[in-house]
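In what follows, subunit A forms one complex with subunit B and a second complex with subunit C.
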Partner chain A sequence: MKLSLHTQPDVPLEADVIFPDLLLEKTVSEAAALEIFHGNEKTTLGDFFTITDENNDGTVEVEGDLSKVKLLGSGMSFGRLKIIGNVGAHLGAGMSGGEIIVEGDAGDWVGREISGGRIIIKGDAGHMVGSVVRGSSIGIQGGEIIISGSVKNELGNGMRRGLIAVGGDSGDFTGVNMKAGTIVVLGQLGQRPGAGMVRGTIISTHNAELLPTFTYDTTYRPTVLKSIFIYLRKLGFSLDDEYINGNYQRWSGDSIELNKGEIFLYAE
Partner chain B sequence: MVIQSTEIIDTFAEAFGMWAARVIITGETPKWAMAAARAMTGFATSVIGCRCEAGIEREIPSDETPDGRPGVSVLLFAGSAKGVGNRLVERIGQCVMTCPTTACYNGLEVEEKVIVGGKLRYFGDGYQASKLLGGQRLWRIPVMEGEFLIDESFGVQPAVGGGNFLVLGENLTVTLEAVEAAVDAMRIPGVILPFPDGVVRSGSKPGSKYKELPASTNDAYCPSLRGSAPKTDLPEEVTCVLEIVIDGLDEKAVGESMRLGIQAAVREGIVQITAGNYGGNLGQFHLHLHELMQG
Partner chain C sequence: MSKEPDIVKNAICTFCGCVCDDIELTVDPDGKRITKATNACVLGKSWFLEHKVEDYPVAMINGKEVSFEEAVEEAAQVFVNAKFPAIYGLSDTTCEAQKEAVAIADYLNGNIDTTTSVCHGPTGMAFQGVGESTASLGEIKNRADFVMYWGGNPAEAHPRHFERYAVTAKGMNTPNGKEDRTVAMVDIRPTSSSLIADIFLQIKPGSDFELLWAMRAMVKGKALDNTLEERTGISMEKLENLVERMKNCQFGVIFFGMGLTMTRGRHFNAGALLELATDLNDFTHFVALPTRGHGNVTGADNVVSWQTGFPFGVNFNRGYPRFNPGEFTTSDLLGRGEADALCVIASDPASNFSQKAIEHIKSIPVISLDPKPSVTSQLARVAFTTATYGINVAGTVYRMDNVALKLRPAFKSPFPSDEEVLRAIKHRICELRGIMINKTAAA
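This part shows the complex of A and B:
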C-alpha cells in the first residue's frame, strides 16, 4: 500500500493509523476512511493522502513532506514502513516489531518507549530519540534505532534495553538516566553524557567532557565493541575500520547511582 | 571392490546418534584463537573415557567472525544435549576463558540451546555485564587482561558420531602415509576427527574379560595377536592397522568425509580398507563403504 500526501496539514496531523498491522488488512477505500486528527479536528486519512494499492510485499510506503505528520508507525508489530521524505514527531512510538525506514529527517521522540523492531533514519532526528515519556522512568525496552545523521538532546533517556546508533553528533544529556542498553555516537557527545545512568553503555568515537561522577578505568580494546560495531555494519551503518580496531578509554559511572554504567571514548 | 591395488571390504561403519555444538573461538591473533581451540579439544578423543569428543573443524578468517578477529571453529559431541552443555561449560571455562584475548560465540543457529555463558558469567563475581545483539545475549566477564566475551547460549543439534574406517597396510611406513593423506582430505565443514591428528591405533571392541571395562583392544585386528587371539581378520601380508574415526553434524557429512579419506588412502602397500561395526545392532547409522565409494 502506498500513501502520498496531497494536502499539507496546517497543524500537526496525528496519523496513528499509518502502520502495517492495520493498513495491510484494509482495502484502499477502508484505509482512506480511517479517522485521524488534524489538530483537534477529526478527519480521515483520505483527506490528506492519496492511497493506492502497491507494494504487496508487506510494505507500507508513505511519501511527501511529512514533517507535520506525527505518530507514523506507532504501535506497529510487524511488516515494513518506508517513508520517503521528512517525518514528524513520535515516529514508531511504542513499536514492538517490524522495520521503519525514513529516507529523510525525523522529528522529536523517534521510537519512544519501543520494545522491539528497528527504526532506520537516513537523515537527522530531533530531541528525545529512543526515550522515556515525561513522568515515566523506564524508556525503551528493546529494539534498534539507527540514525545516519545527528540527533538533539536526551538521546536514550531512561533506556533499559536495546541499541541506538547515531552517525553524527548527539545533544546534551545523551543516555541520561539509562538503566541498560547501548548507545553508539560516532560524532561528538553533548554536555553531561550518562548523567544518572545506572547501567548501560555509551560509546563515542570522540573525546568528551564527562561529569566528575565518572571514574577513568583503563584504555583497551574491548572485544564487545568490535562485536557491536560489526553488527551495526551488517545493518548498513557506516563505520571506519579505525573505530572497530581502536583503543577506547573506559569510564565508570554514574557514581551518584549504581556506578555500573560505562562510557567508552575512542583513544586512538 | 578394488581401488588401485587396495581392496575395499563390503562392510559398513556403524555410527551412533550424538548431540553436537559448534563453538567459534576468536583471538587477537590466529595463534591465541588456536591455542584456546587446542586446549578445549584436548583429552576429547572418545566419549568412552573423555565424556565427549571434540576437534577443530577449521580456521575462520577475520571477516567471517562476529568480532572481526581471526577465529577457529570447534565441534563438540556428547551423548545428550545436556551432556554437550555440561562439557561446554567445563571446557570453555577452563580452556577458552583462561586463554589471553579470546572470545567465544555460538556457531549453530538452531532452535535447541544450552546455557553456557549464562553459567560462566558468575565468575565475574557481580561485575559481569551483558549485551543483547540481534536477539542473542552476550556476557562480558571481566578478567585481568580485559574481558571475556561469550554467548549466553549455544545451539545443539542431533549429530552422528563414530563413523570410521580401518587402513590395513603391509608396513608402518606406508600405513602412516596413507592415513596422513586421508586425514588431509577428510577435514571438510561439519566434521571432526577426534583422535590425535585424526588417527587412532588402539581401535576397540565392546566389552572385556575384565568386567569393569566397557571396551578393550580390538584383538582381531592386532597383528601381534594373530597366533593367540581366538580369530584374526587380517590378511597374511598385513603388519599394521590404523583407524580414522569421524564425527559429524549429519550422516551426509560423515559419509562424504569417509569417501574422501578412503579415496586418498588407497595405494600400493595398503592391502585392505574396512570398517568397524557391531553387527548393525547398536548404532543407528550404517555407512556402507561400497555405497560411499560408488557415490
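This part shows the complex of A and C:
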C-alpha cells in the first residue's frame, strides 16, 4: 500500500492509523476512511493522502513532507513502513516489531518506549530518541534504532534494553538514567553522557568530558566492541578499521547510582 | 471639606511570587490611584504607586475601538474556527480567571500553557520525575537554620524574601534571625544578594549540574574524580565543608531560581537539586523550593494541575488532557508553526519568544487580554484592556510555597477583569458549539 500526502496539514496531523498491522488488513477505500486528528478536528486519511494498492509485499510506503505528521508507525508489531520525506514527532512510538525506514529527517521522540522492531533513519533526528515519555522512568525495552545523522538531547533516556546507534553527534544527556542496553555514537557525545545511569553501555569513537561521578578503569581492546562495530558495518555504517581494532578507555559510573554503567571512549 | 483617603489594611502585593500580605495602602479620595504603600518593597511601591487608570479602549479589533460585546463575538469566532487554538500566559491574573481559561481550552479541544514553561517549567518536570521535599515559607521562617539560594538574586528580584521568610526573619526557633542561620549562596557572579551570605560559592557558568552531582556523591559517600575544581571553580575541600554543614543542620532549605532552571541542563539541573535535598533527608530535615517570579504563576500551576492533572503544556486536541513539554509548550509549538490561533492573557510573547515563534504569532489571529498595551496586544486581532489583579480585582492567588491568599483590591477599575472577559468568551463559545452550561453558576 502506498500513501502520498496530497494536502499539507495546517496544524499537526496525528496519523496513528498509519502502521502495517492496521493498513494491510484494509482495502484502499477502507484505509481512506480511517479517522485521524488534524489538530482538534476529526478527519480521514483520504483527506490528506492519496492511497494506492501498489505492492503486496507487506510494505506500507508513505511519501511527502510529513514533518507535521505525528505518530507514524506507532504501535506497529510487524511489516515494513517506508517513509520517503521528513517525518514529525513520535515516529514508531511504542512499536514492538517490524521495521520503519525513513529516507529523510525525523522529529522528536523517535521510537519512544519501543519494545522491539527496528527503526532506521537515513537523516537526522530530534530530541528524546528511544526515550521515556515524561513522568515515566523506563524507556525502550528492546529493538534497534539506527540513525545515520545526528540527534539532539536525551538520546536513550531511561533505556532498559536494545541498541541505539548514531552515525553523527548526539546532544546532551545521552543515555541519562539508563538501566541497561547499548548506545553507540560514532560522532561527538554532548555534555553529561550517562548521568544517573545504573547499568548499560555507551560507546563513542570520540573523546568526551564525563561527569565527576565517573571513574577511569583502564584502556584496552574490548572484543565486544569489535562485534558491535562489525554488526553496525553490516547495517550500513562506514567505520574505519582503526575504530574497530582500536583501544578504548573504559569508565565506570554513575557512582551516585549502582556504578555498573560503562562508557567506552576511543583512545587515540 | 475634603474627603479622607481610604486605607486598605493587609493588602496583597502581586508583583512577585512572595505575595506579601501585610501591605497598607492609602487610596486617593478620587479612587483612581494609590498614594502610599506602607511595608511594600521598592518593587511593590512601584507596582502600587505607578498604577493609574488610563484612558484605553475596553476592546479593539484590528486596532479599532469596538464594544465589549463585539470583541467577545470576534474572539469566540476566532476560537471556534481554529483547529489548534493555543492559550498562553496566565501567571499575572487570578485563579478564577485561570480556571475560565482552562475551561475554554477544554471546550475547544485546544492547548493551554502558562509562563511556567519559560521559567520554572523544568522544575515542574523535575517534580514529576524525582519528587519534591517541600515546606511552607512559614515553616522555613520558624525552623530553618541553614538557607541556601542557588541561581537567583532575591535581594533584587524578591526584595522581602530575606526579611519575611528566610534570612533575617525571626521565628519560633530562630529568635535571633540571621544570627541563628547559616546562609549560603551559589551563583556565577557576586550579586547584591551574595553580600549577606556566610558562604558564597562562585561557580563557573554552566557547571551547576556537575556541582550538584558532586554534592550528591559526597552526601552519599560515593566516588568522585579529582577534576571538580577545574570544572566548577569550587575546591573539593570547600565543597566537603559545605556538605558537612548541610548534613549537620537542624532544618535546611535550598531556594533555586532561573539561574538553575533556564541554563543548559534545565530540568536535570532542577532534578539534581531536588534529589540533593531528598538525599540530605537521610541525615537531617531538608527541603527545596523554587523562587517563583510572577505574582500568581504558582496559582497557574495549581489551577491547571487540579483541572487537567498536569501543571503546564497541556493539550486537549483529542478530547482528553495530554502533557508533553517540548511538544505542547507554547514557545515550542509556535516555533514549529503549529498553532492557528493564540490567546494571550497577561503576557507578552511577541516581545520575548524566539524570532521563529514571533513570526508565526504575526501570521495567526491573536486575542490579547492585558491591563496595558504590549507588543502582543499591538498585533492582536482582538485586544481587551482588563483590570489589574490585586489592585482592582479581587480573587485568589498562590504564594510561591503554594499557600492560597485572597486579594484585597484598593479601588475599582472601569475595565472588566480577565475572569469576566474569559467567562463571556466561554459562554459565547458554548452557544456557538451548542454546549449547555449553567451561566449563573459561580465562577
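Here, the second predicted complex is superposed on the first by the 268 of 268 C-alpha atoms of A that agree within 3 Å, B and C clash if a C-alpha of one lies under 4 Å from a C-alpha of the other, contacts with A are read in each partner's own complex, and residues count from 1 in each chain.
Simple rule for what comes next: a residue touches a chain if its C-beta (ideal position, glycine included) is under 8 Å from a C-beta of that chain, and two chains touch if they have at least 3 such contacts.
Bear in mind the structure is a predicted one, so any value in this text is a computation, not a measurement.
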Between subunit B (first) and subunit C (second), which, if any, makes contact with A:V133: first, second, both or neither?
-> second
With the two structures laid over each other on chain A, which partner does A:E41 touch: subunit B (first), subunit C (second), both, or neither?
-> second
Regarding the shared-chain residue A:T174, is it in contact with subunit B (first), subunit C (second), both, or neither?
-> neither
Based on the superposed arrangement, let me know which partner A:A89 touches: subunit B (first), subunit C (second), both, or neither?
-> second
Tell me which partner A:T201 touches in the superposition: subunit B (first), subunit C (second), both or neither.
-> first
Considering only touches as defined above, state whether A:N259 meets subunit B (first), subunit C (second), both or neither.
-> second
Broader residue contact with subunit A after superposition on the shared chain, subunit B or subunit C = C
Of the partners subunit B and subunit C, which touch A:F214 in the superposed model: first, second, both, neither?
-> second
With the two complexes superposed on chain A, say which partner A:I230 touches: subunit B (first), subunit C (second), both, or neither.
-> first
Within their complex, subunit C touches subunit A through residues 82-85, 108-110, 125, 128-129, 209-210, 213-214, 216-217, 220, 222-225, 227-228, 231, 264-265, 268, 316-318, 323-327, 338-340
Note: in the complex, subunit A contacts subunit B through residues 142, 161-163, 182, 199, 201, 220-224, 226-231, 244-245, 260, 262
Spell out the residues on subunit B that touch subunit A in their complex, using ranges where they run on.
-> 26, 66-69, 101, 103, 129, 131-134, 138, 140, 146-147, 149
In the complex of these two chains, what residues of subunit A are touching subunit C?
-> 10-12, 14, 37-41, 68, 89, 108-109, 127-128, 133-135, 137, 172-173, 176, 191-192, 195, 209, 211-216, 255-256, 259
